[in-house]
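You will see chain A twice below: alongside chain B first, and alongside chain C after that.
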Partner chain A sequence: MDWAYIESVLPLYGKAAWLTLRTGTAGILLAALTGLLCAAAIHWRIPVLRKITAAYVELSRNTPLLVQLFFIYYGLPKIGIKTDPEACGIIGLAFLGGGYMTEAFRSGVEAVDRIQEESALSLGLTRFQTFLHVILPQAAAISAPAFMANVIFLMKETSVFSAVSLMDLMFTAKDQIGLYYRTTESLFLLVGAYLLILLPLSLLGTFWERRLRHAGFGT
Partner chain B sequence: MPDLGLEVLWKGKNFVRLLGGLWVALRISLIAAGISVVLGILLGVAASRKRSVSSVVLRVWLGIIHIMPQMVLLFLMYFGTTRLFSWNLSGEVAAVIVFSLWGTAEMGDLVRGAVSSIPAIQRESAEALGLKPAQVYRWIILPQAVRRLIPQSINLITRMIKTTSLVTLIGVVEILKVAQQIIEANRKASPNAAFGVYLAIFVMYYLACRPLSLAAKKLEKHWR
Partner chain C sequence: MAEAVLSISHLTKRFDDQTILEDLSLEVREGEVVVIVGSSGCGKSTLLRCINALEDIQGGEIRLRGDLISHNRKNLPELRQKIGMVFQNYELFPHLTVLENILLAPVKTQKRSRQNVREEALALLERVGLKEKADSWPRQLSGGQKQRVAIVRALIMHPEILLFDEVTAALDPEMVREVLDVIVNLADQGKTMIIVTHEMSFARAVADRIILLEDRRILEESDPETFFTAPKTEQAKKFLRTFEFNRKNKAEA
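Showing the complex of A and B:
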């Protein structure tokens, strides 16, 4: 292991890790938003939208992110929809993640007992109040573990971004291996950087899950 | 109607070549899935006993697999071990090894979960009736565990199929690579080939995975 070399490329990996973190976070936030909207469309049985949403969820969950990215990055420009690599990565991650997030939120809302909604309505709360104050807090607690698992899964999925020429961690490592044959050092840095990103996320997930288990709301 | 570059698919042997590429990816996942199911069952049954060595092994193994992206594991196998042990590994073999390591851990965890989900009274009753440990497994535990296990393992295989698309990034000539070749070769005649070809791949993956995930969902409901 050549430590002088490692020190010299550290800024390079720092930049790449920042890119992974940045695009990953943006994609995950967009995915969560998409998931919320889709879950709402399914929950409230909004006529046409519900069908479209269901089809979208199946499509996004049954295709690999890499194929989605290739289609967005190389295919869509041919019909006039151009994206730069970073936007493509974020949109791809949001497209994939949206489907998984929808499932997480939907199962949370579905798991709340019907009697909760009926009781709230009979107490005179409006539909909106019922959702906001009664259903949502309980559903959120139930969805949290799946949500957190999705966040970690999606952050890991960013590792294919190099395929659409984003200079992320994989790209940098492959570049260094190809250019200078620094295999050992590159892989060491690669694993280190991903651990640095994913380990705190995973620990946070475990911690949060444990906290929420106390919020069982009588279930 | 804009030019969607779909005509490329029907030119010459392009469509068959794409299917061939898909088969390369599917073959990797099916071989890895086969290995994972066999080894995963062995590991999972062994790990279902609390405080056994195998349960610790499984937990550590699973932790490593869960924290690292598949892509990194592929790189470690493809670039790392070849450097470390100076052997030669084709991308395809590296992929089979990585996916088997991944699948065995996941499958092991599923089996462990399914086996330990069965109430202790089932085992105790069977033992009280005079069944030997092997018989308890064969006739009492496994038939019940399998119901939980089959939908989950189908989902695992679906995930594996989706993940094999990554092997193109370590140089395996599978469907995405074939697509690039086709698009490159037809650049003059149909400049919009990229749209049609990548759309076709999108649909192919969907058609490969959707029936599996649908079956898993149906079985899960059926056996609940």
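Showing the complex of A and C:
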């Protein structure tokens, strides 16, 4: 292992890690928002939207991210919609993640007893207030493990961003291997960088789940 | 005669092709306590659920001080604020403390100041003997305590009418009393209430009027003394007999 080389490319990996973290976080946040809206549409049984949501969930979960990215990056410009690589990555991740997040939130929302909703409605809360203040907090506790699994899964999925010429960690490592045959060092840095991003995320998730569980309800 | 708070006229409720309530009419006047009794599955709870539009209805209409209560009215949340409901299984929100449970609706829907409602909540909690539980979580309370919190949560909205749906049915016998005492107390304060219950001695004590619901309609309607001592219909007699126990051969003392 050539430590001098590793030191020399650290800034390069730092930049790449920042890109992975940035695009990953943006994509995940959008995915969570999408999932939340879809879960609400399903919960409220909004006539047409509910069907569209179901179709979207199947489409997003049953096509690979790489294919979705190609579609956005190479396909959309053909009908006049141009996207820069970073936006493409974020949108692709949000599209894929939205489906998974919908399922995570939906299962949580469905697990909240219907009479809890009736209890809130009978106090005069609107359907929206009921969802926001009564159903969602309880659903969040139930959905937390699935949500965190999705976050970690989606963050790792960013590794295919390199296919649309985003200079993320994967791209950088492949580049270094291709240019200088620094296979050992590159793989070492690649694994290290991903662990550095994902381990804290994972620990944060565990901490958060535990907090939710101990927030006075559940058991 | 006092003004009608709630008037139900020709109410019909069906689930698919099963008729639960048919052509049912009922008026509840200001300050009146109406107790609804009847065998299980006769539609008592469904009637209460229709009153605050948790169920849609297939015929007739329900009015709260003249305002039509309907599933597809925009002002349904506002009307529901005026109808307090207490459920059999309390239905406190498990993710909120006792005080937060009580504050949620008034603060969010009536835009009252938190400080103001908080003071009232604590005063009400004190009245039901639970002031020291304000910051507890629902799971830390006994069934009877939860139900008393649920009553306070309904009261803080200053409802025009209170609906009690078998509020002691899920309680251990020794906790029934503490909840019923609170309700009797509310009756003494002149609150307008509809109570569905299986506790006959409580019904007799608290009711201004007793209604026997059977076969999808109101079968008998009278003051409690008449209902318990001289029921008019055969079904009422039969219903009351289900609460009596007799041994044929009891050893002579």
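Operating definition for what follows: the second predicted complex is superposed on the first by the 209 of 219 C-alpha atoms of A that agree within 3 Å, B and C clash if a C-alpha of one lies under 4 Å from a C-alpha of the other, contacts with A are read in each partner's own complex, and residues count from 1 in each chain.
FYI, a contact is a pair of C-beta atoms (placed from the backbone, for glycine too) under 8 Å apart; a residue touches a chain by one contact, two chains touch by 3 or more.
Because the structure is predicted, anything quoted here is derived from the model rather than measured.
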item	value
Partner chain(s) touched by A:H133 [first = chain B, second = chain C, both, neither]	second
Contacts of A:S8 with chain B and chain C, given as first, second, both or neither	neither
Contacts of A:P64 with chain B and chain C, given as first, second, both or neither	first
Partner, of chain C and chain B, that touches more residues belonging to chain A	B
Partner chain(s) touched by A:T206 [first = chain B, second = chain C, both, neither]	neither
Partner chain(s) touched by A:A141 [first = chain B, second = chain C, both, neither]	second
Contacts of A:Q116 with chain B and chain C, given as first, second, both or neither	second
Common ground on chain A, meaning residues reached by chain C in one complex and by chain B in the other	none
Complex contact set, residues of chain A against chain C	115-116, 118-126, 129, 133-134, 137-138, 141, 215-219
Chain A to chain B touching residues, read off their complex	58-59, 61-64, 66-68, 70-71, 74-80, 152, 156-160, 162-163, 170, 173-174, 177, 183-184, 186-187, 190-191, 194-195, 198-199, 202
Of all residues in chain B, those that touch chain A in their complex	2-5, 66-72, 75-76, 79-80, 83-84, 158, 162-163, 165-166, 168-169, 176, 179, 183, 191-192, 194-195, 197-199, 201-202, 205-206, 209-210, 213
Chain C to chain A touching residues, read off their complex	49, 52, 54, 77-78, 80-85, 87, 89, 91, 93-95, 97, 104-105, 108-110, 137-139, 153-154, 157
